[in-house]
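Chain IDs A, B and C follow the sequence of writing; residue 1 opens each chain.
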Amino acid sequence: MTMTGYTESLTPAAAARRNFGKGRVARIGCVLAVVALACLVPFIGTSYQTLQMTFVLIYAIALLGLNILVGYNGQLSLGHGAFFGLGAYIAAIMMHHFGLPYWSTIPVVAVLCLIGGFLFGLPALRLEGHYLALATFSLALAMPQILKYPAFAQWTGGFMGLVISPVPVPAGVPLSSDQWLYFFCLALTLVMFLIGWNLMRGRTGQAIIAIRDQPTAAVSMGINLAYYKSMTFGVSAMYAGVAGALSALTAQFVSPDSFDFFLSISLLVGIVVGGIATVSGAIFGAVFIQFIPNIAEHISKSASWAVYGVALIGFMYLMPQGVVGLIRRLRGVISGAKRSAA
Amino acid sequence: MDALLFQITSGITTGFIYASLALALVMIFQSTNHINFAQGEMAMFSTYIAFTLVQAGVPFWIAFPTTLLGAFVMGFVIERFVLRPFADAPVLTIVIVFIGLLVIFNSIAGWIFGYEMQPFPSPFPHSWGTRLVSAHQLGIAVVTLSVLAAVYLFFRFTSLGLAMRAAAQNPVSSRLVGIRVGLLLAVGWGLAAAIGAVAGIMAAPIVFLEPNMMAGIMIYAFAAALLGGINNPAGAVPGGIIVGVLENLAGAYVVGTELKLTTALVMILLVLLIRPAGLFGRTLRTRV
Amino acid sequence: MTAILEIRDLSVSYGASRVIFDASLGVRPGSVTVLLGANGAGKTTLLRAICNMMVRTRGEIRLEGQPIENMATEEIARLGVAHVPDGRGTFIHMTVQENLQLGAYGRRDHAAVGDDFERIFAYFPRLRERRAQPAGTLSGGEQQMLAIGRALMSRPKLLLLDEPSFGLAPLVVKEIFDILRAINRADGVSILLVEQNANLALSLADYGYLLETGRIVMHDTASALSNDDSIRRVYLGY
């Protein structure tokens, strides 16, 4: 299974140049406006809405990571829910068993998931297309089983999972725990997006994309295929792990069945809906996977997933290149109209 | 020794079920290069249709072919009306469409038929059973092997079967000899759905009937299809049997039932690491 | 006498790029018509346009007076147009026998198909020897014979041939062209031939068209074209 259908007409170098062009100011302004709006959320919304938006941020991190792997590097993963779960459990075990502070879990999770993803990526190197799909599919199915396995139960809590205490608000900060956690997640989301954006527009990003589009040429240009593919897997697992750790902090609870195959599938849905091989698509995708299931349940309680499925297929029909693809097309139409008017 | 033999024979019979579903996957893959992730759920839905017919008093051996016909129509219609608009869409978009179909079938089955497990009586007479194999296991072998043989004969010896193989191999040349490739693609989907339905109906007495009954079977069938060689329908049968036996032995002797899925999949992946084209994947040397 | 194939003001494009501009040509029943031109002149594209295959067209294409420009490829084939494409388009994983069988797929007169096997094997005895072999294992010349044989199995009214000499040894090319001549004479099949080897093509053809960068610039009887100075200089090399 190749991802060539998504090959963008813009080369990475051209994209980078465009970023430095006149569109750059507008772009930064747009990002700042979104961040400013995001800062208002916990003060306008209810506590429940704040919680939902926290999950949107968390999913956005995971989706960006998955998109780096699937969209930019062309390796299909049906199993990123496993790394999400791994991150969540590492954080939960650190807090539950060792009483470590919540913020200390993030760097540990990031490093461990990076290593875990890298190691998984090494043998996966030999597996292309559908074989990689099977390998990652297996990983997604195996994760809940491993988490439930009796021999590990003293650490993982087995079927019951682990409860962790709410995130404390630092002294002197006039925020509720929910609001504080939201800002904590928002800050991390910004950091992770900045890292991702920088990574993808630099030389590393060029190598990652070259491997997707022209693997043979990439090798002859001196790109170490094994290293880059495994490392991309690692980076992408790191994103998923960090998102998982944040989800554990937010839910104050981890259990094996929260990290089942369905989570992996939702993440894949998120990147395709948002837009393959785009950075901003992660946000649209996150909104979709957080809210569409709820909306579907409002429409029909008894067959909510059927509604979700129909929405999904309809969405793909209307926007085969995802939300960002649609925005780009609209922008193309508008600028085309401007040009012909001028 | 008897226990081992028992594990192997029961592995072979579940292997036939995996083989049927794997064959359905391979058939669609050959003509579209896509793995239909919703194949298992379509089979589950067909199984409910058979169950409903049997509950309404229709004799099993009438309900069975009726269901296969219904499954054929369902597959045909899905290809024509759901997949056709995506004919030129990127791979991942189509993967998402399959996921959409998967949740739709799962949800509608739960909505119509409920989520509780239903016993599905085996249609085979108890007298078939022996010390080593149960009546149902023997029945699975007979039914699935007959279906597989029929599929083989269809593709090997009928003009329509030949045209379907041609359309899968080289759609452009097929059109040039007057083959209606689009129509045959839908026929292929219909056949795959019917073959999948056989897997569902044969599995139901073992795993019980419920909307998620095919989830585990689907992953094993996927593994079987890859192991047998995703481009080789004849590989699906040995692929399915190997997976069935491996799964049983891993569960019984290696790690226990909690991790048997994981272990079986890891073993299959190890095989695929060594033989990436699958055990029976075909490569043909061509001259120019 | 009405033409078996008549093309009027045909424009053809791949996506946004136009390859053929306002071409008109005709093929008379029972004749061999050749389309000459350099590499990239658009010969293959024009042939594909007739079968509505992988291109977008504008203009009129009539088969025995019936407009076919909006028909699907498979339906055009069923009307009796057999196209032997560039690259031959054989089913490489299937046997020679199966390839020939597929050629007769659209036919209703199943009883006569058996005779046609014999007819094809009489033209191409080597295909009989190799009937159980996968087509992918044949030599280039044998594959070309198979492709022509498959096309004949449909009992076509019109045979479209895209560079049957391409990549073949001169002796094999001669053999194939002799058989094409025999087929045309014996069965009355009309042939539209695309060929780079103008010398060879004009020796077979009754009438010829010359295509240059997507436009038909000259047409005449084959013998007139063979004696035309500019054609001789550019395409015949003497």
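Quick note on the criterion: a residue touches a chain if its C-beta (ideal position, glycine included) is under 8 Å from a C-beta of that chain, and two chains touch if they have at least 3 such contacts.
Quick caveat: nothing in here was measured; it's all calculated off a predicted structure.
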item: Chain located farthest away, centre of subunit B as origin (C-alpha); value: C
item: Innermost chain, taking as reference the mean of every protein Cα atom displayed; value: B
item: Inter-centroid spacing, subunit C versus subunit B (mean Cα positions, whole Å); value: 43
item: Distance between chain centroids, defined by C-alpha means - subunit A, subunit B (Å); value: 32
item: Whole-Å separation of chain centres (CA-atom averages), subunit A against subunit C; value: 54
item: Shared interface positions of subunit B, touching two or more other chains; value: none
item: Subunit C - residues contacting subunit B, complex; value: 51, 53-54, 72-75, 77-78, 82-83, 85, 89-94, 98, 101-103, 105-106, 134, 136-140, 150, 154, 167
item: Subunit B-touching residues of subunit A, taken from the complex the two chains share; value: 1-3, 5-6, 70, 76, 123, 126-128, 130-131, 133-135, 137-138, 141-142, 145-146, 148-150, 261, 265, 268-269, 272-273, 276, 302-310, 312-313, 316-317, 320-321
item: Subunit A-touching residues of subunit B, taken from the complex the two chains share; value: 33, 35, 82, 85-86, 89-93, 95-97, 99-104, 106-108, 110-111, 215, 219, 222-223, 226, 230, 258-259, 261-262, 265-266, 268-269, 272-273, 276
item: Subunit B to subunit C touching residues, read off their complex; value: 159, 162-163, 165-166, 169-170, 172-181, 282, 284-288
